[in-house]
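Two complexes follow with chain A in common, the first pairing it with chain B and the second with chain C.
So, the complex of A and B:
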C-alpha cells in the first residue's frame, strides 16, 4: 500500500499533499503503538510540567512589580546603629529608619518625591454605617507615597500638603475596606469614626496588590496591603502602635510614647524618587550632609554608611525568591533533561523496529531528507501532544503548589510565554534526540534492511 | 564466577547499540544526582520542621480579645475571661501571654551574669507568663520552682519594669553559666538591660523563641509580668482531642459574654506552625513528589529499553536456548546487562551528584551533602533499575527454543 502511494507522489502530488500524507503516516505510526506513544508523551509531559511549575514559581517571586520605575525609586538606609556592632553583620546599615530621620528627610524635600511609612493598627468603629467595630491594619505615610508608587485610585485622591500640615483627620481606604464599610459606593467626603475620632475619607484605592510588596516587606514579601492609609504625623497624634519590625540598639529613655519616637529605634520605610543619575548624586550628597549634621548633634556614632538601593537591587538584597525555589528550579531542569532522554530512548527503540520500512522507502527512491521529514513529523507530533498534556499537568500542579504556598496563592498563575517556551524547548530536544536514530536508520546498507 | 564470565559478551552486545546504552547511562546518572540531592534537602527540611519547640503543640490554641469602647476595663476583662476559660470543661489551663513559640512576634533582650560591660551579652526572647505558664504550655521544670501568685507584676502598656524573679530555658542557663553548669543558675542574679538585676527562680527544659529561624531560637526567659492592654492574647491548652471543639464554643461564649470587645485571630498552634513552615513544607512535598515521579520515569525508561532489546533479540535468545542455555541463564543475562549499564550510570552519577551539590552549595546557603548519601543513592538506583528489568527479563525467559528456527 505505501509503496504504491510513494510512486504516485513522485509524479503528481503537490507539496501540501505530501505534507498531509506524512501527517497521516505519522498518525498511523503513533496509533499503531498506542502504549508506547502514550508513555513517550507522558514522559515529556511530566518534564514540561515540572519545569513550567518551578519556572512559574521563580518568575512570580522574582517579578518586579514596578519595573517601569524600578530604576527611579530608591530605598534609603542610614546607619544610626551601635558604634560597636553593625545592625546587619558584617557592616550593613539597618533596613529601616527612625521617626526622627524619617521626618527630617521627608520634610527636607531634597528628592523629586519622598515618603516615609510604617504599619500600625487601630479600632475602626463604623457605628454610623451600622457595622460592628473591627481592628484595621493601617499604614501611616506621606502624601508622595501614592504618586511615587503609582497607586491607582477608584475615587478621590491622596491627601494634599495642607492636610499634612494641619494634621487633618483624613483617610484613604483600600477597595476592600470601602466595600466592607461603604458597600463599594463613592465614599469620598464621608466620615468614618475610628481611633476615637472622626475621619474624612479623601480617597479610595482601586485593586492594588503589588507582589512582592517591595515597599514594605516586614510582614513578608507577599503579605496583603494595609486596609487604610493615614498621614504620617497622625501616628504621634494618636500614639499608634509600632507595627512591622522595630529594632533598637539603645534602651529607650523613658516609657512615654514620645521617648520612643525620639529614640534610635528604627521602624520606618523610607523611599525617594529620583529621575536621573544627577538627581541621585545630588540626593546622596544631601544625605551625607544630613548625617554629618546629625553627627555634630551627637547621633550616628558609626562611620558614614548611607545606602540607596533601587527596587531591583532592593529585591535582590532581600532575597525575595526563596532559595528552595531556585534549587527546585535547577532540579526541575535536570528532571526535564531525564524526561527528554527517556523519550529519546523510547523513540529510538521504536525506530529500530522500522529499519525495514525505512529501507523499503529508500529503495523506492525516498532520499534522506524526505525520510527525516517524515519521522520528524511524528516526533514533533508526540512532542506537541506531550507539551499539551504537560500544560494540563502544570495547571493541576500549580493548584497544588499554590495551596502549599498559601501566602503566595494570588500570584501563582500559569504564565503562557513560560509554558510555550518550555514546550518549544522540549519539542526541539525531542527532535534532536529523536533524529539521531533516524540518521542511523538511514545509513545502513539497503540490502540488509530490505532482507529483514 | 560463571556470571562474571558473561560480562564480556554482554558488554560487546551493548557496544552494538551505543546510542541507547549511552542514553540509559546518562539517564541513570542524572536521576541519581537529583534523587540523592533531593533526599538530602528533604531530610534537612523535615528535621528543621520537626524540631521540638518544647510546648504541647497539638493541644494549644490562642485568640485575641480587643476592647474598643472608652469604658472598657482591660484588667477586669482579662481576669473575668481567664476565670471563664479555666472553668470550661475540657480546658487544662490558660493564660494571658504577650508572645509564645511559633507566634512569630515578640521581643528579645540581652542578659548577662554581671552588670559590668565586659560580661558577655546573651540574647534571649522574653515571655511574660505568670504561674500558669508551665501548666498551660506543658513545659518541664528541670530545676528550681515555678512562680507563685505573689511574683506576678501587673504592668501598664508602656511600662518596661522587670519582676524580681524569672525562669530560664536550659539553653539560656547554659549560655550564661556554661554547658555543664546550667543547674547552678537557680538562685543566681542576672542582669537585663545591662543593670536591672533579677533572680533566676527555675529552669525549664525546652522553650523556643517566637521566631523559628532566629539564630538563638532555644534561648528564652520567662518573667511573671502581665500587661493590661486593650488587646489581650490568651493561650489555652485543652485535653487531647478536644481542641477544635473547644476553640469554636469558647470563641462564641467569650464574644457573647462581653460585647465591648471583639474576639479575633483564633488559631491553633498547629495552624500557626503550618503557616510559619509553609515554605519548608512546600519544599518537602514538592521534592518528594519529584523524587517519586522521577524514579518512576527512569524505571519506565529502563524497562522500555530492556523490553525493546529483548524483542529485537528473540531469535538470538531462541538460539541460545536451543544450544542449551537454561531459562535462568537468560534471566541472568538481562539482569546482568542492566546491572552493567546501571554500574556505569552510578559511576557517572556519583560525579554528577557531587558536581550538582558543589554547584548548589556555592550558589545557595545549603549544607554540603553528607557522603553517606552517595552509597544510598547508588543502592537505590540499582534497586530501581533491577526492579524495572525483572518483568521484561521474565518475558525473555519464556522465549521458546523453537524461536531459533523462525525468522522475525
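So, the complex of A and C:
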C-alpha cells in the first residue's frame, strides 16, 4: 500500500508540474503576442458584455419575483361584465374587481390570506418635520398584503385587524419616504399629517422592489412601488382618487363618490393565498357560491367565469416578457456566437504562426494530447481574461443603460449567476472554438511543420 | 540497433504519386556515425524523417533498438522519440520566446524528469557545448553556430541513443560548421549513434561510414564508393 500511495503521489506531483509548465507557456505565448491576445480577449469580452447586459435585462423583466410562493398566490378574477360583450376578448373576465366584490371577498376570509388593493394618491403635509407638502403615491390595501407578498420591514410591521376594523389612521411608509420625512430614523409611533388628518406610522418597509411588480401592473410591470400604504377602507373614508386602471361597462348612477364605489366599475386587484390544491378547490367553490349569490341580487349577468391564476400563470397571461425582448435575447446569443467565431479565427491565425513550434515540440517528444492540452490552456486563459473584461464592460454598459432609462435603474443590476453563466459559456465556447484551430495545427505532418 | 528492411514511402497528391523511399535497407550499429548523402530529391530527408518517427512508412519493416515501429500509436511513437532520439535541424528550430535554459528544457519536460534532474542536465549539456554561462540568453542574442550548439545541447539533454542531424551545418559558415562537426564527433566518441544527412562531401568524409541515397534507395557498396569518388572530384572541400 505505501508503494502504491507513493506512486499516486508521484503521479500527482508530475501532473502538477506539467500543469504549471503549460500555464507558464500559455502566459509566455499570450505576452509574446500582446496585441493579438488583447484583440482576441476584446472580441470575447464584447460578446460577453452584450450578452450579459441583454440577459440581465431579460432576466429582470421575466423572472418570477416570488418564485417560492408562486404556486400559492392567486389572482382572483370575477366576471361581472356586460352580458353582451366580454371584458377581454374572446371570453375573459376583467382583470380587476369592483369595490363591492373586493370588500366582500376580503371580509369573507375564505382563503388563508386575502388582500384587495388599489393605487391612489394624496397630499402629505409633514409640517411637523419642517418639510414642504408633497403629493404621494399610495396604495390602499388589506393587512394581509404584507405577509402575503413577503414584504420586508425595516421598522415595525403592518397594521393589525383592530386597526383595519376601526378605520384607524395608520400608515406604512416605504424606506425612501421614511428617509425623506424622518431622515431614515425609526419612525414607528411617529405621526404624520396627510390627507388632512393625522396618521400614525406603524411600519417602515425595507428595500422592496418586486420586478416585475406582478401584484399590480397598472402603471407597467416595472413601475416603482408606492410611497405609502393605508388600510383599504380609508379609500372610502377619504374619498381617495381612483389610480391605476378603472374600467366600467355600465354608466355610474351619479357623480357622487359613493355611487362610483357601488358601481360595476373595476379598479381593485384581488389576491388570495392558498396553501394547497384542496384549499384552492374550496376557495373556488366559495367564489362560485358568491357569484351565484350576487346573481340572485341582479349582478353578474354573464355565465359563471371565475379565474384563479397563480403568479407564474398571471405573468404569462400578462405577457410580461414581450416578444421583442425575447428576440433581443436570441440576438445577443447570436452576437456572442459571432464574437466567439471571430475569436476562433484570431486564435487560428495565431496558431498558424505556431506550426513550427508545434512540430518541434512533437519532434522532441510531446504527444498529440499534450500539445492539445498546452494550447487549450492558452485558450482558457484568453477566454477567462475575455470573460473578466466582458464583465467590466457589462457593468459599465449596465450603468449606461441605467442612466438612459432612469425609471428602470433598479432593474439594471448585474446578475452574478447570469454573469458567471455567460463567462462559463464563453470560456467553453472559446475552448470549443479554439480547439478546432489547435486540432488543425497539431494534425499536419511533423516533418512539414519543422521545415516551416 | 536501427534496422530498416524494404521500407517504402509514397507521397500521393491528386495528380501524382512520388516514391520517396523504395526498398530502402539500412542497418546501423550502436556507436556508428553515419553520413547520408545524395542529390536533392533523392529521399535522404524522407529517410531521416521515417527514422526519427516524424513520418510513417507505407511498407517494409523498421526496428529501432529492438522495437518494431510498425503499429505503434502516436503516444508510443512520441515516447520513443523523446527517450531514444535526439534531433538536430538545419535551421536550429529553437523557440524564440524561450531562453536557452527553457529551450533545452523542452524534451526533458515531456520526459517527466523532476526539477533538479532537469536543471542538472540542462546546465551540464549547455556547458558541454560551451554555452554554460549564457543560459538566460535568448536565441536571437546568439550567432548561428551558437544556436546550433544549443540545439545540440537540447538533443543531448535526454541522453538519447540516436542523434539524427539534418544538414546540421547547412546554415553555418565553414568555421562554425567545422566546430559543430568536431562537437558531433566528440559526442559520437562518447557512445551516441549519429546519423547525419548532408550534401557536403567533406563533412560526410569525417563520418565513420557514408551511405548514398539515390531514387529512394541505398546504393550498394560499389556504387557508393564510385559515387563518393565522383563527388570528391567535383565538390571542393569545405
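Quick note on the criterion: the second predicted complex is superposed on the first by the 427 of 452 C-alpha atoms of A that agree within 3 Å, B and C clash if a C-alpha of one lies under 4 Å from a C-alpha of the other, contacts with A are read in each partner's own complex, and residues count from 1 in each chain.
The working rule: a contact is a pair of C-beta atoms (placed from the backbone, for glycine too) under 8 Å apart; a residue touches a chain by one contact, two chains touch by 3 or more.
All values derive from a computational prediction rather than experimental measurement.
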item	value
Dominant toucher of chain A (residue count), chain B or chain C	B
Which of chain B and chain C A:341 touches, first, second, both or neither	first
Which of chain B and chain C A:288 touches, first, second, both or neither	neither
Touched partner set for A:125, first chain B, second chain C, both or neither	first
Partner chain in contact with A:255 - chain B first, chain C second, else both or neither	first
Common interface positions of chain A, toward chain B and toward chain C	none
Residues of chain A defined as touching chain B within the complex	36, 39, 43, 46, 50, 123, 125, 132-135, 196, 251-252, 255-257, 260, 322-324, 326-328, 330-332, 334-335, 337-339, 341-342, 344-346, 348-350, 352-353, 401, 404-407, 433, 436-437, 440
Chain A partner contacts - residues on chain C that touch it in the complex	45-46, 49, 52, 54-55, 74-75, 78-79, 81-83, 87, 89, 93, 95, 97-98, 106-107, 109-112, 114-115, 154, 158
Touching residues on chain A, where the partner in the complex is chain C	14, 17-18, 21, 28-29, 32, 356-357, 360-370, 445-447, 450
In the complex with chain A, residue positions of chain B that touch it	19-20, 23-24, 26-27, 30-31, 33-34, 37-38, 41, 45, 66, 68, 70, 156, 158-160, 193-194, 231, 262, 264, 275, 278-283, 285-287, 290, 293-294, 297-298, 300-301, 304-305, 308, 311-312, 356, 359-360, 363-366
